[in-house]
Structure formats: C-alpha cells, structure tokens
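There are two complexes below, and they share chain A, which is joined by chain B in the first and by chain C in the second.
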Partner chain A sequence: MTPWHWAWAMALGLRVRLLLAFALLGVTTTAVVASGSYFQARTVILQQAQDAAVASLTDELSKVYPIVSLPPNQEELDMLAQRLSDREGDAVVRYGDLWAQSVVNESDVLTPELRQEVAGGRIAWQRVDRHGKHLLLIGTQLRFDRSDGTSVPSGVEVYSVRSLDSEQQSIDRLAMLAWVTGGLSLILAVLLALLAARGVLRPVRELGRAARRLGEGDLSTRLTVRGVDELADVARTFNDTAGTLERQVGELRRMEADARRFVADVSHELRTPLAAMTAVTDVLDEEADRLPGDAGQAARLVSQETQNLTQLVNDLIEVSRFDSGTARLALDDVDVAAAVNATLRLRRWADRVETDLPSGVIARLDPRRLDVIVANLVGNAFRHGHEPVSVRLRAEPDWITIEVADHGPGLDPEVLPHVFDRFYKADTARTRSEGSGLGLAIAWENARLHRHAGQPGSLVAGNTPDCGAVFTLRLPRVASETVDAGGVR
Partner chain B sequence: MPQVLLIEDHQTVRDGLQLALTRQGHSVVAVATGEQGLERLQTAASDVVVLDLMLPGMDGFEVCRRIRQQGDLPIIMLTARNDDMDVVAGLEAGADDYVVKPVQARVLEARIRAVLRRTGGDSRRPGPERPGLHQHGALTIDRAALVVSKDGAPVSLAPTELRLLLELSHTPGQVLSRQQLLEAVWEHGYLGDSRLVDACVQRLRAKIEDEPSAPVYIQTVRGFGYRFGPL
Partner chain C sequence: MIGACRTRTAPRRRVTRTLLAVGLLLTLLTAGCGVRPSDVITGRAAVSGPSAGAGLYLISHGELALVLRATKPGPGPSSPADALALLAAGPTPTEREAGLSSEVPSDAAPAKVAPSVDEPGITVTMSGAVLPLSTVAANQIICTVVFSMSGNGATPVTLVGPDGTRPAWPCWLE
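Our next item is the complex of A and B:
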C-alpha cells in the first residue's frame, strides 16, 4: 500500500472500511451464485423447450409420413402445413419455390443458415428474435421412401415456428429473482457490517474515551472487560497499565505529601523556640549598646538572625499553606492606589519610588496579600536593580495591573523561567540576609490565589525595552474565594 | 501599672514574654493553663489578658468565652500563623485583637496599649466623642460616661465593641471603610486584618440590634464598609 492509499484508507475510518468490505463480499458472493444459477436454469429451460418442440415435430411428421409422390403440389403442401400447425406453433412447408404456411407471412423468419442446414438433410434449430418475440425455429426434410425400402431426403422442408415467450418469461422471472436476491444480500451485508462495526467500534470508542480521561489525570479510569477476544485483551492491558500508573503516581504523591508535611511540621516545631527567642530580641537590642565590645555585637547578631530565622520559618509555613490548599483570602474592598502607597510608606520607600497610581481604582481583594506582593516586588527591585524604581497601576474593566520596574541590568534570559522558584538564587554569591529565598514564590502564589471567573491572577517577570526588570502583577477587580491553592512550583 | 495576665503553656515563650513585657513597664502574671488563668481572675483583677489559643486542657476559645461571660476584660489572642480558622473562631469567641506568634515584644506591647486605651478608664486617647447623651432610636449612648443602653436597659459592651459603636455613631449615615475603622479603633497601621472589624460588628449587632440578621443601627454597605443608621 502506498502512503497515499494508506492515508486514504485511514481517512475513511474503520466503520466505512468495514461497510465497504462487507458490501463487496456480499455483492460478489450473490453475483456469483445468482448468475451461476440463472445461466444454468436458462439453459435447462431452453433445452427442454427445444427438445419438446423437436419431439413434437418428429411425432407429427411420422403421421404424415411417408410422402406418396414427388413433386408435391401446392394443395399437398398447404394440407401438410395445416396438419403440422397446432396451438403451440405454426408450420412452414417448402418445396423448391412452392411454399405453404399455416399463418400468413412467416417465411421471412427463416434464416439462410437454418435453411442451409435443413437442405443438408439434418434436423436443425435456431432461436431468433422477431418483432420483439422470442421464437424457436426447427427445420427438417421429409424423407421419401423408395420402393426398395430405403428412404432419401425428399426436398420437402418442414419448419416449425414456436413462440418462446412463456419460457422467456420464466427466464425473466429468474433474472428478477437474482437481482432481488442480490439486493437483499447487499442490504443484509450492510446491516451485518453495521452490526460488526458497532461491536468492534464500541470497545474502541470506549478505549479512546478512557485513554482521554486517563490523560486528563483521572487515574482511576478502568474499562469493563467483555468476552475473551483481542479487544478484551486490549481492555485488560489498558486496565493493568492504568492500575500501575495509578499506584506509581499515588506513591509519588504520597512521598511528595510526606515531604511537604515534613517541612510544615519542622516549621511548626521551630516556631515555639523562635517565639521565645523573638519575645526577647527587643531586650537584646536594647541591652546591646550597653554591653561591652564582643558581647554587644553577639547580642545584635543573635537578635538579627532570630528575626531572619523567624521570617524564613514564617515563609515556609506560608508556602506549606499554599501547598496544602489551606491558604484563604480575606477579601476587602480596597482603594488600590491607597493600598500601594501605604505599603511604600510603611517601609519608608515612598520617597524612592516613582509612582503612577490613578486614584479611585477600587478592587475587592486581600489587602494583606497585596501588601506582601508589592513589598516583595519593590524590595526585590531595590536589591537587584538600580533606582529609579517605578510602580504603575492600570485598571481594566475586570482586572487591575500593577507594574514594578527598575533600571538595573535586567533579568538574564536563563534566570527568567526560574525567578519564581523556591530558594532560587540567580547569584550564588548572594548572602542569605537578603531574604528567605521564598519571597517571589510566595508573591506568585498570592497572585494566583485571587481568582475571577475561574481565572487566576498572575505574576509575570520580564525585561523592559530600555533594560531593567519588570514584574507585572495582574489581579481581578472582584476576586473570589478559592479552594484551589493554585499550582505548585 | 497595667496588670497583664499571660496564659501560655510553653514555658520558654511564657518566660520570654513575661521578661519583655515586664521591662516595658507592665505587671505580668504568667500562668500555664486556662484553668489557672480563670482561677487567677477570680482572685485578682487584671487589665488585659494575653491568651494563647493552643492550650492543654481547656482551650483558648473556651477560656475566651468564659472571660467574656464574666465581663468586658480586653483579650488579645496569640495565634499560630497557619491557623486562619483560629483567628476567626477566636474573634467570634470575643477576643478584641490578635497577634501572630512568633511576636516581637514591642508589637505585643503596642497592641496591649491600644486595647487599654479603648477601655473606659483610659481618658488619654483623644477620640471623636462629643460628650453628652445621644439618642438613636431605642439606643441611648452616653458619650461622657461611656454607657450604652437600649430601651432604658444598660447594654454590656466589651471595650472594643464600645469604641467601634462610638466611632460609627459619631457620624451617623456616613460610611466608614474597614481600614478606616481598623486605624481608628484598633490603631493598626494600614492593612490590618479586616476580619477584626467584621467579627466585632457581628458581636455588636448581637447585642444592640433587634434582629441581628437585618441590622438597623450598624448597616453593611457592600463594597464600601459600615455605616451607623440612618434610622
């Protein structure tokens, strides 16, 4: 099969191909059987009619036989023709130029070939069509008995003309029967093909649907195994594969959940000692100035690192809340410009940031999460970019967009896909005091937690045309509570 | 010197907070269980309770409810960061404010000061009060004596609830956003937790409204905040 044929056959589909195959098989079988019996029956019918006609003619001739004298006159010929004609056929009698017939004007039916045969002294017959009628012509010569007991052909030709219409009708009926049989068998073949296609295609379709569901993540998908044929084998194999897949994915998920739970548990366990340490960092800070030399420095160091550790643990707990899907929005109607300004003011960044914040943009969102996101992005811009850092707010009918851009070197294309990864550090030399390494990951999750019409908010990193990194935050104007914790990075 | 009752089961946390708060000038009594805390309240007066929600035996929510049944003592909850549900449940149980552990002593101290300013005894706070008797429907608010009565019967309000009512009724008919209320009543910087306001409004409605589900005095203005009246 050439590729083109193959493609053509594939394009037809299994159902059409099965239909064609069955129809072809049905029609071929019927054609062979029906045409075989048709021709056989036709031959038998005609042969019988012919034999009967010959017998009848010979019988009649034996009654007029022998001829008394030669040459016969017209009267004798007329009489002979009358005698030989009966219900089933007419007769024509000739002798040289003399001829007689039982009905008018039948001589033209005699063909030269027939006459030649008869002139040779043999009994001959021929089927001819005249004026839409099927005729059987039988011819012979009367014999003349000589006085010595032998007989010779007398030269008197006798022809019997019989209609084959009734036989032809039988044959036509047979042909009709063959056509009807063919048609019925074609219909039967098509029905059988449809039935077979259904039987084959239903499991195939079920298999297709199940495979699609499996692909969409429904690993509990199984097929009902029917019978013991090849399709049942395929179904069994599919079920085995799906089962194995489900087990392995389940195992992986369980391991991942264990790992996440471990992080969450560790973070919670760390919190109690940290709570005690954090409670007294203020005491350390106050006393540090009064402590001599190294002791003061050590106190400041412990205080600072306790705060950093607290931040890290808090971030880890926050992340594990996203992972476990327990993060919830505390929605409020917020003037976005005022909220962003408050974030900048609280962190004493207001003077260092160029803002373009149109007032009067009210959005229903979680103001604390917005604060976390904006503080992260602006803090990030100060750390890794160059001033001026700008914050732009744009409002659409259903969404708000906040762009935080700096004028630094921008983000390396290799870094770009990973900026929201947990603990991802573009510069391995970066010190840990610059943040927990979870800030952007948490900002990303916080953006996604806000949903509108099934669509999550987004945080995207990129570069501005004139260098510098730009982070674009997109949040719905009216966010809704979401049970989904968003994707996991 | 404000009397602080600290109920916290972890000894190091308890010791750390006691140490830091004492340095800030509070008189701190620290106990390890809710039962001990309630017992202590029977025998000696406190100005404010700092209450850990995760306690062995009687949990913090129950302690909170019991304290509320007995009076209007301000309560500040200590909650874990991952327990949003705890925050809501604690506020519904009657807590005035909450802080998330681990907490720096000066943050907790600021909250204690703020909540103490809300109690009637502390007159240093310059509020929006116009001293005198104000009648709003069946509600009588005495802005000088800081007493609220409904149909002549006094209504017992926790300090935060009272301040919220004073704040809202100061400008009847005017909508105040949750963030405005957080700044005015709780003295939180911008971006406080608006659930504090919602929970306090619920408690306040339960006490002053005839039909808390169809409020007349404190009305929600969807998309904006809350409004007192119009009656």
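Our next item is the complex of A and C:
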C-alpha cells in the first residue's frame, strides 16, 4: 500500500467519517440553538432598552407641562434641552426653525424618516450607526390636550439621542458566550466521535485480524462476541463460518489421511505375498525355457508382471512415505559426477548417454534419492524420447543443476503442467505404461525433499529449442533435513 | 452517455449543496452580530399635556401657529371672547420679532361666541365685517375659538358680522 493509498484510506476511513459527522452535527445543533437564543436575547435587550428610554423621556416631558407661553425663545429652548439631557443621552429641541443649542449635531444625526414620523404626531424611535457608534434616536412632539381627548400640536419637537454602547457590550458578551458554547460542543462532539469510532472500529479491526488469520490457515481462529449489536452478529457469523470450515477441512484431512494410510497399508500387506511370488517366478524364469510353447510364454509373462507389480508396490510405499511426511534424507558428501556415472553404469546406460559431468563437484545430499531421480529421468528419456540422451551437470555456489535432455518429439504444452502428476498418462491411448506411472512424481518429491535456507530443490520439465524434452533438476550444494511433508504441486 | 453525465454531475451537485449550507451557516453566524440599525419604530401618540394661558393662532411662514400668552394666573384656556380680543389686537413685539404676524383686522373684536341655534357648532358674532376676511384670517379666528372652547376640532364655526354670514367651517389644522 503506497503512502497515498494509506492517506486516502485514512481520509475516507470510518474514524474520519464518524468524526466529521459528529462534528457537523454538534456544530449545526449548537449554531442553530445558540444563534436562535442569541437573536432572541438581542431582541429582548434592545427592546427593553428602547422601551425604558422612551418611558424615561415621556416621564421627563410630562413634567414640562403645563406650558404657559408659546412661541419659546432661544433661552427657553436651551433650558428645556438642558433639562432633558442627562448622562445617558442628549436632547435636541426644535421649534420651527429654532434649534436648542446641543452637543449633538442634529442635522447629522436625525434621520428624515424619523422626523417625518414624529411630525405625524406619534412617538417614534430608531437605531442608527453614526461614526461607528450605535445610537438610539427617540422623537416626539409636544402637544396640548383638548377636553374631547384629542390634542393639538404646539410646534415643539423633542429628540433624545442615546448611546447603545452598554447594550452593545451585553450583546457582545452573548455572542462570546455563543462562540464559547459552540467551541465546547465541538470539542465534546469530537471526543464523542472518537469514543464512538473506537467502539465501532475495535470490533472491525479484530474482525479483520481474525479474517486474515483464518485466510492464513489458522482455522481455530474465533472472535469474542460482545454485546448484541450488528457487529456482534457479524462476529457470531464469523465464528460459525470458521467453525464449519474447520470441521469440514478436518473431515477432508481425516479422509485424505485415511486414504493414504489405506494405500500404505495395502502396499505393505502386498509386500509379503509379492516376495513369495518373486521367489516363485525366479524359479519359473529358470524353467521357462524348458517349458513347451504357451506355458513358457505364460511363465515369462507372469514373471515380468510380478516384477512390475513389485516395482509398483515399492513406488507406492515410497509415495506414501512422502505423503505421511516420514521420508527422511540420509545426507552424505557426494561427488555428483561420480554418483551420476555410477547410476548410469549400474543400469548399463553409460555408453548410450552423452555426459557432461565436470568432476570435483561435491554436494551434501542423499545419494540414494539422487540415484532414483537420475535413473527416473534418464529411463524416462529412453522410454518416451529418442537418443541421444544427454546428462549435463552445472555447479553454482549454492546449488547444482542436472539437465537430462533427449531428442524426441518433446512434451506437449498441454502435458507439461501434469508431467509430475501421479499415474498421469501423456498418451491416453497407451493404457499400459512400461513404468509404474509414479516415477516422475517420486523424482519430484525427492527433489523437493532437499532444502537449503528454506528453499526446496526443484524439478522442472520443459522443451529444448531443437525439439526434445529437457528435465532440469536443481538441488542445493548443502541440503538440510526437511520437515516438509510432501509438496504442493 | 446519459448515465455517465449523471455520475459526473451527482458529486458536483452534492458539493454545491454542502457549500451552500456552510455558506448559509457562516452568514447566519457572522452577519447580524451586535446592534443593527433599524427602521423607524412608532409608539403611542406623542406626549401631550395641559396648556395654560390664552391660546391664539397667528401666522408663521404662511401657516397657523399656536401662541400661548400668560395672561391668566390659573391653568386652562381663557374664554373665547377674551382670546378673540387678544387676536384682534395682533402680535406683541416679541412675537413679531419671532416672525409671527396676523391678518385679523383690529375691528374684529369685541365678539360674542355662542353655540349655534339651528345646527351643531359654534356661532361667532363679530363687530367687524366678516365677508372681506381672508381665508387665513377666518381660519385664525375659527381655530382660536375652537382652541379656547375646548371643543372638538371638527366643530364647524359660523362667522357672523354686520355685513353677513360666512359659511360654517371647522378648524383643519392637520
């Protein structure tokens, strides 16, 4: 897995997704709740401030009555303005074109729409921003009551300009609180998400680990089932599956072992009667020439077939040793060239085989097994290929290679993968093989039995470029005792 | 082809939607913080209270303007006849300085003010001619009478003089 893949998997991983979902949920909820309460509280704060200011101004203005003289002169207007101004707000008083002196620049502050509303005869107020300051403007006319409940304007208008700084501070505090709440809830959401992710991810990780172990062949792998949720269901299913698998594989193994043991037992049981039969056929062989016609031929046939049967039984015993894992190497330091020559000489092939055997190649291996392999390969070459058959030895620092080639038609590509199968017949028409059908299989097993640094020896079948089969045997220079029972073909 | 298009656009649409939601959230969070300027909010009727002294209407910039004169020690409006006498006398020097004037002739007073006989309203019987009076002058008289009568603003006032009668007219100030 490349770092990119890893980063991508992390980014899309359950943990990150859970984290994002929780954070989004937390932030959204907090934002909605906090902003809702913030706006509500702000409205309430401003409304209360405005109502209080309006009430206070109305209260102050009611003390101005009864008014005894109109029109007011400048001093009267100034006095009224002064009387209405306090530390919370400044008053602006107007009568027609006459404005009371004030710290506030009235034309700058008072909005036309407010003055229009005030001229309409109602108390009106408005929040405005002037030079970065939040101001509340309240305006009203001064009117005179009439006995029927109506009133007439006196022409005097009073405006109060108040700062909303303290309200701004309260609202800022509210906003601050909202942000802090949001931040805390985000942290809480992340913590919860991590907790939830851990709760979900731990069983998933355990499941993954167990599945990997099961895949690697440990069929006894089981998960601990916690809780009753979907993940526990998955764990239970996993356990059931693993249990069934273990049972079935065990059954298969037992059956296979039974079959192998049966073959081994049968082979062993056949050995004793065969030994007796061989003794009898030896006698028959000697007498065959003296027997008349068909009887002599029959005696020779029986003798030949008995030899074949003996060979087959011996091969079966050999194979069952490999299968049961009881095959052991009898290691010895061997001059490979001499060993191969001995094999050829013993079978009277020495003069029919082209050899290229550099002397002095010493290897530590099982000479009997080397003999079996070489005899099998060369015999096979004689049986299925054409002469000349060549045997070449090559030495590497850690390995030796023996190539056995013939000049026959070569191996069919369809046959190649099955050459080392037991009882495999390359020519289906030829039902009766001269060999037992186990020779190459045994050679292959023998090659694999030799190991070096954990790597088994090998026997590979192929074709030479100029038509002809070639078997390449590769054995370690220093073989070690193997514990490998049989091989995987 | 269509399927390919759909698979290509679907994630983009989702991304757009997500961006929109985030944008909306941010707008909600950032905009609208603190004290926002508002429209004009109107409350109850303007502050109103009792007046003291005689009230009469003079003219300021071509419009009627209420003038109060502290001629009487007690609160409450003075009698209509007195107010009309003050009106006929014209603005004081101070008022003249403040830009006030009057179109009511000095011979308008004395006058008698009484409820009308055959119709609802007030009848003002003046000593001077009423027909040559300008509309503004008539309005001055009518509104002054209505203010001092503490009557309804919509009460029609009939001006009667030795030369005839003007049609009844209420004091329209607003």
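What to note about this one:
Rule of thumb we're sticking to: the second predicted complex is superposed on the first by the 421 of 489 C-alpha atoms of A that agree within 3 Å, B and C clash if a C-alpha of one lies under 4 Å from a C-alpha of the other, contacts with A are read in each partner's own complex, and residues count from 1 in each chain.
We take it that contacts are C-beta pairs under 8 Å (C-beta built on N, C-alpha and C of every residue); 3 or more make two chains touch, one makes a residue touch a chain.
Bear in mind that the values here come from a model prediction, so they are computed numbers and not experimental data.
Legend: residue contacts after superposition of the two complexes on their common chain; A:155 is shown touching chain C, with no touch to chain B. Contacts of A:70 after superposition: chain C is touched, whereas chain B is not reached. Contact with neither chain B nor chain C is seen for A:220 once the two complexes are overlaid on the shared chain. When the two structures are aligned on the shared chain, A:339 is found in touch with chain B, with no touch to chain C. Which of chain B and chain C touches more residues of chain A: that partner is C.
When the shared chain is aligned, chain B comes close enough to touch A:271, but chain C does not.
In the complex of the two chains, the chain B residues touching chain A come out as 10, 12-13, 15-17, 19-20, 23, 80-82, 84, 101-106, 177-179, 189-191, 193-195, 223-225. Contact residues of chain C toward chain A in the complex are 25, 28-29, 32-53, 55, 60-61, 65-70, 75, 94-95, 98, 100, 147, 150-153, 173-174. Of all residues in chain A, only 27-28, 31, 35, 39, 42, 46, 50, 54, 58, 61-62, 64-71, 73, 96, 111, 113-114, 117-118, 120-129, 134, 140-148, 150-155, 158, 164, 167-168, 171-172, 175 touch chain C in the complex they form.
By the touch rule above, chain A contacts chain B in their complex via residues 264, 268, 271-283, 286, 307, 310, 313-314, 317-318, 320-321, 326, 328, 330, 332-334, 338-339, 342-343, 345-346, 362, 364, 367-368, 371.
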